[in-house]
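Take a look at these structures.
Paired with chain B in one complex and with chain C in the other, chain A is shared by the two complexes that follow.
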Partner chain A sequence: MELLLIFIIGLLHAAGIYMLLRRSMFKMIIGLILLGNGVNLLIFLLGRLVKGKPPVIDEASKVFTEIYADPVPQALILTAIVIGFGLQSFAIILIKRVYKVLETDDLDDLNSTDEEI
Partner chain B sequence: MIFAVISGFILAALVPLFSSFARNLIPKIYPFLPLGIFIYLGTCFSQVTQNAPMHWSYNWVPSFGVNLDFRLDGLALLFGMLITGIGTLVFFYSSYYLKEDKYLDRFYGYLSMFMAAMLGLVLSDNLISLFVFWELTSISSFFLIGYKNDDPSSRKSALMALGITGFGGLVLLAGLIWIGFVGGSYSIIELVNSSELIKSHEAYPWIIGLLFIGAFTKSAQFPFHFWLPGAMKAPTPVSTYLHSATMVKAGIYLLARFTPVLGGTDSWNWTLILVGGITMLYAAAHSLFRTDLKSILAYSTISALGILVFLLGVGTEDALLAAGIFILTHALYKATLFLITGIIDHETGTREVTSLGGLQKVMKPVALAGYLAALSSAGVPLFLGFISKEIMYESTFHFSNWAIILTASIVLTKVFLFVAGFWVGIKPFTGNLPQEHAKAKMPSPLLWIPPVFLAGLCVLFGVFPGILDAFMQTVFNSMSPEGEVIHLALWHGLNWVLVLSLLTLGLGFALYKFLKPSQSLKGKLAPFDKFAPIELMERIGITFQSFAGSWTGFFQNGYLRNYVISILIFLTVLAGYRLYDGVDIHLDWSQISDITPSEFLVVVLMVTSIFFALITKTRTGVIVALGIIGLANCLFFLYYSAPDLAMTQFSIDTLTVLLFMLVLFQLPKNRSFSTRKLRVRDGALSLMFGVLISILALEVFEAPSYTEVSEYYAENAYLLAKGKNVVNVILVDFRGIDTLVETVVLVIAAMGVFSLLKLNLNPFNKE
Partner chain C sequence: MNNSWIVLPILFQLVSAVVLLLTWGNIKIQKIVSILLSAIGLGIGIWLFLLIYNHGIQVTQSGNWPAPFGITFVADTFGSTMVLLASIAGFSVSIFAAGSMSRARLRFGFFPLLHFLIMGLQGAFLTGDIFNLYVWFEVIIISSFVLITIGGKKAQLEGAIKYVALNLLASIFFLIGIAFLYGLTGSLNMADLATKVQEIDNKGLINVTASLFLVAFGIKSAVFPLYFWLPASYHTPPAAVGAIFGGLLTKVGVYAMVRTFTLIFAGDVFLSLILSVMAALTILSGALGAMYHRHLGKIFGYLIICHIGFMMAGVGMMTELAIVGTVFYLVHDIIVKTNLFMVSGLILKINGTQDIKELGGMYKSKPLLSLLMAIPLFSLVGIPPLSGFWAKLFFIKGGLESKEYFLIAFIILGSFLTLWVIAKVWSEVFWKDAVNLPKKSKGIFFHELSSTGKWVLVLPVIFLSIISLYIGFGAEHIVSLSQRIASELMNPASYIETVLSQKTIEP
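And then the complex of A and B:
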């Protein structure tokens, strides 16, 4: 299963970068989201896969008595998901705005700070 | 002593403070600063001349061996008195010369800063603080040269001077650090003891090479001389101060200072003789092709600096003594000539020597100063110039096999300088007074007293050289610690040197009578302009600029994807090489878990949606695919013991899709702009990157994992934080502040989103 996950991580990264390299702003955001998913999975994988043992202590005991999934990568990913959402939503609204104002979504039309009206 | 040095900086820093309410007082008060320091140095005079150098030490950065060590010996005293003495005269002179100038307060700030830096330079015994002051002189002179900052050529000259001297300063720093490294100390006086060690070290040629470049750029030696004529764009008092008496002599000072440490070897002597010799002849000859008084003076100054380098290169006791006296002689007569040039310019409005004449009728004291300075420059008996010239000839005359060539070249230089000095000091005052200058009048005493005073000193020291004996002895001993006892005299007896001296005077006078300054002479040089170092330097500058432009244009081209591509290629090549170079991946199958059918289904779903997201042409299609990818991710989290992640991912995923849907029809179409070729290239690149990430993941996965941090949290989650869900405890307790900041970030993002949605800032609607 780990090997399949590694394949998926590679695929997500490649797809994310490919979309990031497009000239369309819309595709750029898609790339950003794909890349974010890939990175989250990568961190998750590096915390090792453990099945059916969430890092939650039993009702009865005060410390773990058996093996448990690594909580640190999970905490990191949780943060990453939330921050990633902030970034994505801002980016989505931003390109919506840019598109409305400049009426283009070609990044090559945006590489100058001078307003050409 | 430290107060004497830094008071200039303090006063410079106070200028902006004063100028708001006491602008007009500044030119009246500031001249007393150099005067005060001059008097202070005067009180040290008797102790220093008894061969007892004074020493002050202040810790600055002791851990790096950088201290403010000041040492006042003969050489430092000579320079210190020139800096403050001529400084005093220049400060007073400027207060009248630039009276009408609206930035006069600023001018005094720069001038004080320069004087302080120069003092620090000649007093420093520590190599690093010497460098700091060295650079400060370059920087303050930049402001002074570019003082008339509305004139483009003035700005250009200032930039060129800064470029050349700043470059030299950096080279010098390398040399100084190297000396300190080899000699084991940053103190010059301690380095004298390890002189033999440094000279026999294999880095010695490099060290003196770096030191020479520093000194030659500062002291305008060939081929770095061209910044000095350009620097004449500065107001005349600045030229007087910086470009005749003090700053340009810093390089000479450096060479003289290091003579006991590094001097005496063939490579030292012959490099200096060669460079100094070329400079003095080249510049002296050049000065005769100029008609602007300041240009003549600039080239004759370069030539005089060449003579000094040349003498330090000859390096015999006579030569070092000659150098010591010539520093004083030259400063006195050249400052005088510059000052009277300033007066002529101020009163007549021109510096063209061809249109000047007969001014002695209107300004007698100025003319007197000019005559005396010119005669001293020429080396006529009874002037200080005569004595320095005698010792100069004496030193080359007895210099091994090359005596004839060296003596001939210095005699020739002196003949040229004779003419240059007469052109500036005598020609404008004799002959007929042209009609257009008839209205020129006697300047204020503040202008004519300084040159007359300096010219008077030329005569005083020339008639009674004995009063300089003790002083010159200590100067001489700073360069040559075991030197003999010296005695300066007017009359050296009837010998070949006297014959040469008379020959110089005769030839010089003949040339002065025969050769008249003229524009046509200047024109004759024009064809050679393209070989001049200044042209070469400008071309290098332009080439470098266009290179920098295209370099920046190549990398900072304004296309996001090109930036991403550069980063990708760099990363892939670097990490790829590392992987190729000695990492072998072997899989430990016991760590790999089995694949259940449901998991496999999720994998297939995910791969399919990724490809679908890549190729679909509709916006909705992509968003749906993204939603599925997110949900598949969510399922992975669920399978592998991360319920919190699954919940978060699920809600966030839903929110993202909702947000997309909300603005879907205001979003741009999912269009494709690039050509097939580009898509293939990008595809290959991203595939490469994906493979790299996979390999990295595989490698990290194989490495043993360290879980101390996780174990700490797991063990203490309940004991310390009373929580049983460890992930939650980490987020809200152990790393609570981080989470707080995270919420702040989210709030900011939300505010951004809200304002972008609601505000109507469309600039096109307003019109």
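And then the complex of A and C:
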């Protein structure tokens, strides 16, 4: 399972970076979304995978005696997903607006603020 | 000390923003309410600062979960000083915005967003949890995204695309760093991390994690190979937004860098070498960019980069004396950069342009205002006894002590080039004869405003200039404050102990 996740994370990162390096604004946003998902899986993986062991203490005992699934990474991922969703939707609205005003999807055409002295 | 009231600055800004949302669209009321609430926020900042200064570090555990498990809020001297500075900048920007922003922009909710932004900053300065720091960073950037695009001019949208893309990328790097840190230690509490990271034998993994944080905070604070979004975007929004961005947003990156590299990754030789090289190149590229440009906003934007290099140099040297310099420079820089962007807005209001070739004759037409504007300009250069000078003294002393002659050379070169740039701005804008060109800007000009309108624009500049003068002439107070902060940062034992030994309140 770990090996599979490692490959998926690597693939998502590679695809995200490839998309980021394209000149199209739209592909840039797709790249950022892919990277964000890759990172969420990375947190999940680095929080150690434990199968079928909920973080609930047995009624009889006071502390955990066996290995249990860590709930913290899942809480982190949930937060990161929500934040990422908000930011990505803003970014998508922004590129739509930019496309309307500047009538281009090519990032290389967005350099008028750089060129003026 | 356990004190739940330390989150008051964050909560107060949240309440202010919500109150302002309730008066959506009613600009006149929003202006007055925002200024009043910012003034109270400033009072709360002063209260928190005095509390920490007199009674030491205060801690609160949210939800009453004991230390390494829940989210901790810590107010130490560094954090509370930054909270105070953010409140000062927020207060003066809300006054300046009331006078300078166009009605259309104010109607789209500038004031609530300003308060949300300040709330994010206060949260970032007060949190003691690395993931919570990430969340506050997101609060800051989402508010800043809207602030930078508010008004929707063509140039603003172009700048915003670069700003948004690179800040999202920085967040992703930050999150990868947190994932690695959690995988290595199983903790997110910064005080707990500080002890656990020291115990890990695999230094290679620690270096990789530290580099990820360096890239994340490097993009946020605009250091050498990662700063290109800043000159492309910071001059595009109106001056009030530029002031809060230039004063605080890059500095929160520096704050996070100082915090993580003194607390969590302390004593890392590999890291301090990289930081030093990056600092030197940041100083050089920022200064050269400022020399080349003619637009005031761009010049000040590149000067931000140049001076971020100074603070990085202090972090790179990693001695107590250099950290004193970094903290002093941070205090000086937040006030001066906020003021500079407001000055550039004022110049635009008076002359209708920000191109220094088209400006001129300000000293002849507005002698008193020019003298006022001279204070932030020359404080920035650090002509003794103005505020920039004292921090550089500590950088050079610290550099001599740790034998970093290479960095000292760059700091002196950077100061000299800053002097050159400011002298150029002074002679072009103020001393040169007026150039009679057709006015480009449409809005209302300064001379058309009522006298209250004029005072609303000039008062925040006077307020921040007085603080700048105080930092310069009352340097002994700021130095003793910076020394206290630096000794707390370099000896984090008391910070760690206060956080971790904190018992929860019995129900």
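Note that the second predicted complex is superposed on the first by the 99 of 117 C-alpha atoms of A that agree within 3 Å, B and C clash if a C-alpha of one lies under 4 Å from a C-alpha of the other, contacts with A are read in each partner's own complex, and residues count from 1 in each chain.
The rule is short, and it goes like this: contacts are C-beta pairs under 8 Å (C-beta built on N, C-alpha and C of every residue); 3 or more make two chains touch, one makes a residue touch a chain.
Keep in mind the model is a prediction, meaning the values are calculated, not measured.
When the shared chain is aligned, chain C comes close enough to touch A:L32, but chain B does not.
More residues of chain A lie in contact with B than with the other chain of the pair chain B and chain C.
Contact with chain C, but none with chain B, is seen for A:I43 once the two complexes are overlaid on the shared chain.
In the superposition on chain A, A:K53 makes contact with chain B only, while chain C stays out of contact range. By the touch criterion defined above, A:L11 reaches chain B but does not reach chain C. Judged by the touch definition given at the top, the superposed model places A:I95 against both chain B and chain C. After overlaying the two complexes on the shared chain, residue contacts for A:M1 are found with chain B alone; chain C is out of touch.
Taken together, the two complexes place residues 20, 25, 28, 42, 45-48, 70, 72, 79, 83, 86-87, 90, 94-95, 97, 101, 107, 111-112, 117 of chain A in contact with chain B and also with chain C.
On chain C, the positions that touch chain A within their shared complex are 131, 135, 138, 141-142, 145-146, 149, 152, 154-155, 157-162, 164-165, 168-169, 171-172, 175-176, 178-180, 182-183, 186, 188, 231-233, 235-236, 292-295, 298. Chain A meets chain B in the complex at residues 1-28, 30, 33-34, 37-38, 40-42, 44-59, 62-64, 68-72, 74-75, 77-79, 81-90, 92-97, 99-101, 104-108, 111-112, 117.
The residues of chain B lying in touch with chain A in their complex are 557-561, 564-565, 568, 591-595, 599-600, 603, 606-607, 610, 613-614, 619, 622, 626, 629-630, 633, 636-637, 639-645, 648-649, 652, 655-656, 659-660, 663, 666-674, 682-683, 685-687, 689-691, 693-694, 697-698, 700-701, 705, 707, 709-710, 713-715, 717-719, 724-727, 730-731, 735, 738-739, 742, 745-746, 749-750, 752-753, 756-757, 762-764.
Of all the residues in chain A, the ones that touch chain C in their complex are 20, 25, 28, 32, 35-36, 39, 42-43, 45-48, 70, 72-73, 76, 79-80, 83, 86-87, 90-91, 94-95, 97-98, 101-102, 107, 110-114, 116-117.
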